[in-house]
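In the two complexes that follow, subunit A is the common piece, with subunit B as its partner first and subunit C second.
Then we have the complex of A and B:
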């Protein structure tokens, strides 16, 4: 440490203690805020956010607003009706019928499509299976096929009068008279089966991705421990893929609640509303050219009610799924 | 001079800014959907015509016709915008909302009134000349009965012959019918039922006696029209102004279909048919022997099988005798309209005028076989065409003018609009379940009838409260006899 001399008033020299040392002065730099620090990330997010706000968030918020009006979709909504549209939706037998059908679509997807896809995924995940990529491709093809085309083609195939499937059934002697696959009583199960077939490939891919996450050494360890196939599946595979299974469950549930394109192409919600789902119910009120004036306000209310119920149903699965998720990830 | 170095970071920045700009641009464009300009190319004025490519081949036909129009009117360029039939009205409404409406558009029946009620249609009276009026049959442009006028003004022009939209037939595939020993077209419901059963029995699962497209419950309507007042289409007996869903003629029509469905004499799966092409194909192939048809369906069947041995007959009537006719509510149905917001109304009218010209109507008739609104364009040729002669003869036999509350008063128009818009009070909601489940129609009809009556009272009050006087009197035409043509001066 060095000392400095100063000249006093009498010309005497005094020893002065040096001031406490400070770090050398540097140009002051503000710490950038979170916004500035991540500016470029936000720039890259901006396109997606803009599109999300414009085409998802805004229509959603707008539909909540419009659901309080008797509005035909043209000009500003001015005729405020409060909760009248909601009351009408909630007391409409047709709405609950459509809701039940939508729910059944989901139930079938979860209870039939998901387990079936898991089984097939396990088979296709086996390295011993030859040509597994071809099978994967074939099972995925329906997913990338246009739904409207699928609907129309199946309607032709299933036609009781001259349709290929009925011809096949009759020529092989399996049935005496044509099967009306799209009659009032059988149309819903038929469309559900086609929906499962159509969506099977995507669920299968989800499961295949999940199966890739199971470490090979776990299988080897279980083999060393003498576990057989079912035991390995139960004690190794399922627990490891369970957290991803939770996500697959939610995705399948959401996807299957809205089979609008398939239903519209195959049956237009008929016969006698047998295949009516909430989406076709809403479509009828919003876009039916037969109506003198569309009821957008009412259709919005139906959409809001359906959205809320779906949200509640998803949320109800939360605790159960979270427990499963945590259990699986331990 | 050194070239600036393009680092990974700067490249990403450029890409990010570019993507954001694209998104903003995309959004801007999205907010101006259907944003094509109507600016003239060169000295031409562009007139936008919004139509539907219906029937098959119409796209090419309209383009060819407008090309001819453009040759004669070199200052006008016609831009065609096509929409699917079911979405045409929605598309027109959207284009008006976005401030980019077509100058001329096709809007039929209820669709026309929907757009008219919004004030988007221009009156045409100022353009109409004596020569224009003389193209149409005498008296058919009377504002009280034309169907083209609203509030006494001409707002729309027709395309098809007035009875074209109303008349219905029984088509018989003679070859298929002979399988069941049926050699003449059934004249009564009972004969039809027996013939259908015989053909189906003999058809061995390959040929069926009868079927039809349920769409809009037309199948039951066509039978009901022969048994009682056709105003029951809307659930109302216009003689009394009261709901008539429980009218015996409707119950009888539903019962007839219930019996045939239960006896499996109808093509299996008919109830799930969603478009008429299935009916046409089955009929043309001989898998279906009989069905009730609109005139255009005769042409569709002929296109599929020009050599088909087919009988065109009147829709069978109850054995007890005819109780009504197919109801024609006006001389014409609305079709072509002109936008009230057109920036080039003179040129738009020229297009409208062309669409109502004899040349256009003759071309349309020759291309599609449709009997058009200008009878002079086809009358001579149609008389020598067996199918078209049958259409005209049967129309004369089975179609009668009936009262039209929509044209008679504003209150009537409002009430009918409310009734038609009330989906869950349409009798088709209870008719199809009765047919498919073999259940009695009567009780459900009585319940729905009471609801419809209550709704009419409620609506009359609500409409009156909004300033348009409306009451049951607007729906009542006590002197109307369903077996006689109605004259609007009768009321």
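Then we have the complex of A and C:
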């Protein structure tokens, strides 16, 4: 707080007289009414801060707190068990299996979806390609649809007994016996492929927006210099869009770690936990209706462990991102 | 020029296959139970029927789920808009002490995984006594900081000319008045983007509505309703397709009408 010492002359009434001349070079100069303006700013901030504390900060703290209790959610948490929940999570093979699957979803999104989307974006960014807006529209369409609903549509499409895709494969003679896309061995790649299909459009639009920031004359200059397509991509396009690419990477990472909707709708983490991810793992212990007593403490511990590891993984990319945002907010 | 045309040979089949699940969904929704059962690859139904829709709408309660989803989505969007616009304005204009700390905190919380905090949020809403209506699910959705909308509003308001604010203040306009009468109407592009994105997110939400309606089937949203419908009637493909059509057509229609706002919004967001 730098400028709270003076209250505007005139007490409660607002200063209406225009300042004769406002030196533009010193924006931090104390002016009457500053306190009052800040007061309003805090009023405007209040709803967000209140919700932020209640629904973002407190839940984070409470997750840690609850994870030290054996708690079924009835009444307050009283049965302190120390680190027992954490020990159980960390030694649970099923948790690490779910963790590995969550991580794989991310890996596929970053290593398969992002580069593919960039290539398609470069193609669709070309002014000479007719109908590129329609292509973009169609590729984007899955993004706006409800994941849980399309997951079920896909479960039906992939059904071994008469589902559309098996019928198609059989009628074209590609396979003799129905493919069980959602069996224990193939369910995970199937769900991952659908996850890529679902998220592809958003990454595509991110990349297209990034490509829009490349000035047209840079392309022209590189053309004049005799650069071919890949050279232009390597030396002009990629360097210009790289800063935005970092943001896209983090957005993709964040989105892809949460395949709960798709997994729960398509396979309910099955068969035999083959498609289990951390979110479905936590859900099972906390909210599964078939469970006699929920294990909130244990589920929180699993969430905390997952959160910490994810944060560490995000932090590895953190410095890059911070530089981006500082640049943006200046 | 000619090389560009060759790409259509790749793009047209790709895009058709890409959206085929939706084509299949709509086509199956109009097919008779017999035709669905017999299979077949035809896109057009042999005999058109609305039986699937009546079954989904009445028997499977998708009429109720639809109105639940509309209420849930609209309320969520209203809260998110109000909270993020006011806070974005407060953070974006005038050098607020502590601004950097708040923005830093917001950005830091952006990367918290989904399942991480649902239990405390659930208990909080429960403790507030709101767990017996859709409002609980709305709060759990709209409550956690919506960092991107806040940053969008912040960036937009920060970019407005100072002269505008000075002129308004000279005319004696108060801070809220400047915000609601001048700044907010000028922020229509951001409002549109934020409303659209959050409406879609709310419409498509699954995890939170699922958790908050576990014991209350009459409050289910479309996604949750679809999930339980599939759990009970996994072989009623016609009914499932009709239910999926009811769930997805509104949001697809909104997207098609507003896609320009949408794409421009994303482009503007990434560029700024």
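As a working rule, the second predicted complex is superposed on the first by the 271 of 330 C-alpha atoms of A that agree within 3 Å, B and C clash if a C-alpha of one lies under 4 Å from a C-alpha of the other, contacts with A are read in each partner's own complex, and residues count from 1 in each chain.
Just so it is clear, a residue touches a chain if its C-beta (ideal position, glycine included) is under 8 Å from a C-beta of that chain, and two chains touch if they have at least 3 such contacts.
A quick note: this is a predicted structure, and the numbers were derived from the prediction, not measured.
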First, second, both or neither for A:44, with subunit B first and subunit C second: both
Contacts of A:73 with subunit B and subunit C, given as first, second, both or neither: both
Partner chain in contact with A:52 - subunit B first, subunit C second, else both or neither: second
Partner chain in contact with A:160 - subunit B first, subunit C second, else both or neither: first
Partner chain(s) touched by A:206 [first = subunit B, second = subunit C, both, neither]: second
Subunit B versus subunit C as contact partner of A:267, first or second or both or neither: first
First, second, both or neither for A:94, with subunit B first and subunit C second: first
Contacts of A:244 with subunit B and subunit C, given as first, second, both or neither: second
Subunit B versus subunit C as contact partner of A:284, first or second or both or neither: first
Per-residue contact with subunit A, leading partner among subunit C and subunit B: C
Common interface positions of subunit A, toward subunit B and toward subunit C: 40, 44, 47-48, 51, 54-55, 73, 155, 162, 287, 289
List of subunit A residues in touch with subunit B within their complex: 40, 43-44, 46-48, 50-51, 54-55, 73-75, 92, 94, 155, 159-162, 170, 177-178, 180-184, 187, 267-268, 270-272, 284-285, 287, 289-295
Of subunit B, residues touching subunit A in the complex: 12-13, 16-17, 19-20, 22-24, 26-27, 30, 86-90, 93, 96-97, 110-111, 113-114, 117-118, 205, 208, 214, 216, 267-269, 271-272, 274, 278, 282, 285, 287-288, 417, 420-421, 423-424, 432-433, 436-437
Contact set on subunit C toward subunit A in their complex: 1, 4, 7-8, 11, 15, 18-19, 21-22, 24-25, 37, 39-41, 82-84, 86-87, 89-91, 94-97, 102-103, 105-107, 109-124, 139-140, 142-145, 150, 154-155, 158, 166, 170, 172, 174-176, 179, 200, 203-204, 206-207, 210-211, 214, 222-224, 226-227, 230, 237, 240-241, 244, 247-248, 251-252, 254-256, 259, 263, 266-267, 269-272
Subunit C-touching residues of subunit A, taken from the complex the two chains share: 1-2, 14, 16, 18, 22, 27-28, 36-38, 40-42, 44-45, 47-49, 51-52, 54-60, 62-63, 66, 73, 123, 126, 128-131, 134-142, 144-150, 152-157, 162, 164, 167-168, 171, 197, 205-206, 208-210, 212-213, 244, 247-248, 250, 253-254, 257-258, 260-261, 264-265, 278-279, 282-283, 286-287, 289, 296, 299-300, 303-304, 306-307, 310-311, 314, 321, 325, 328-329
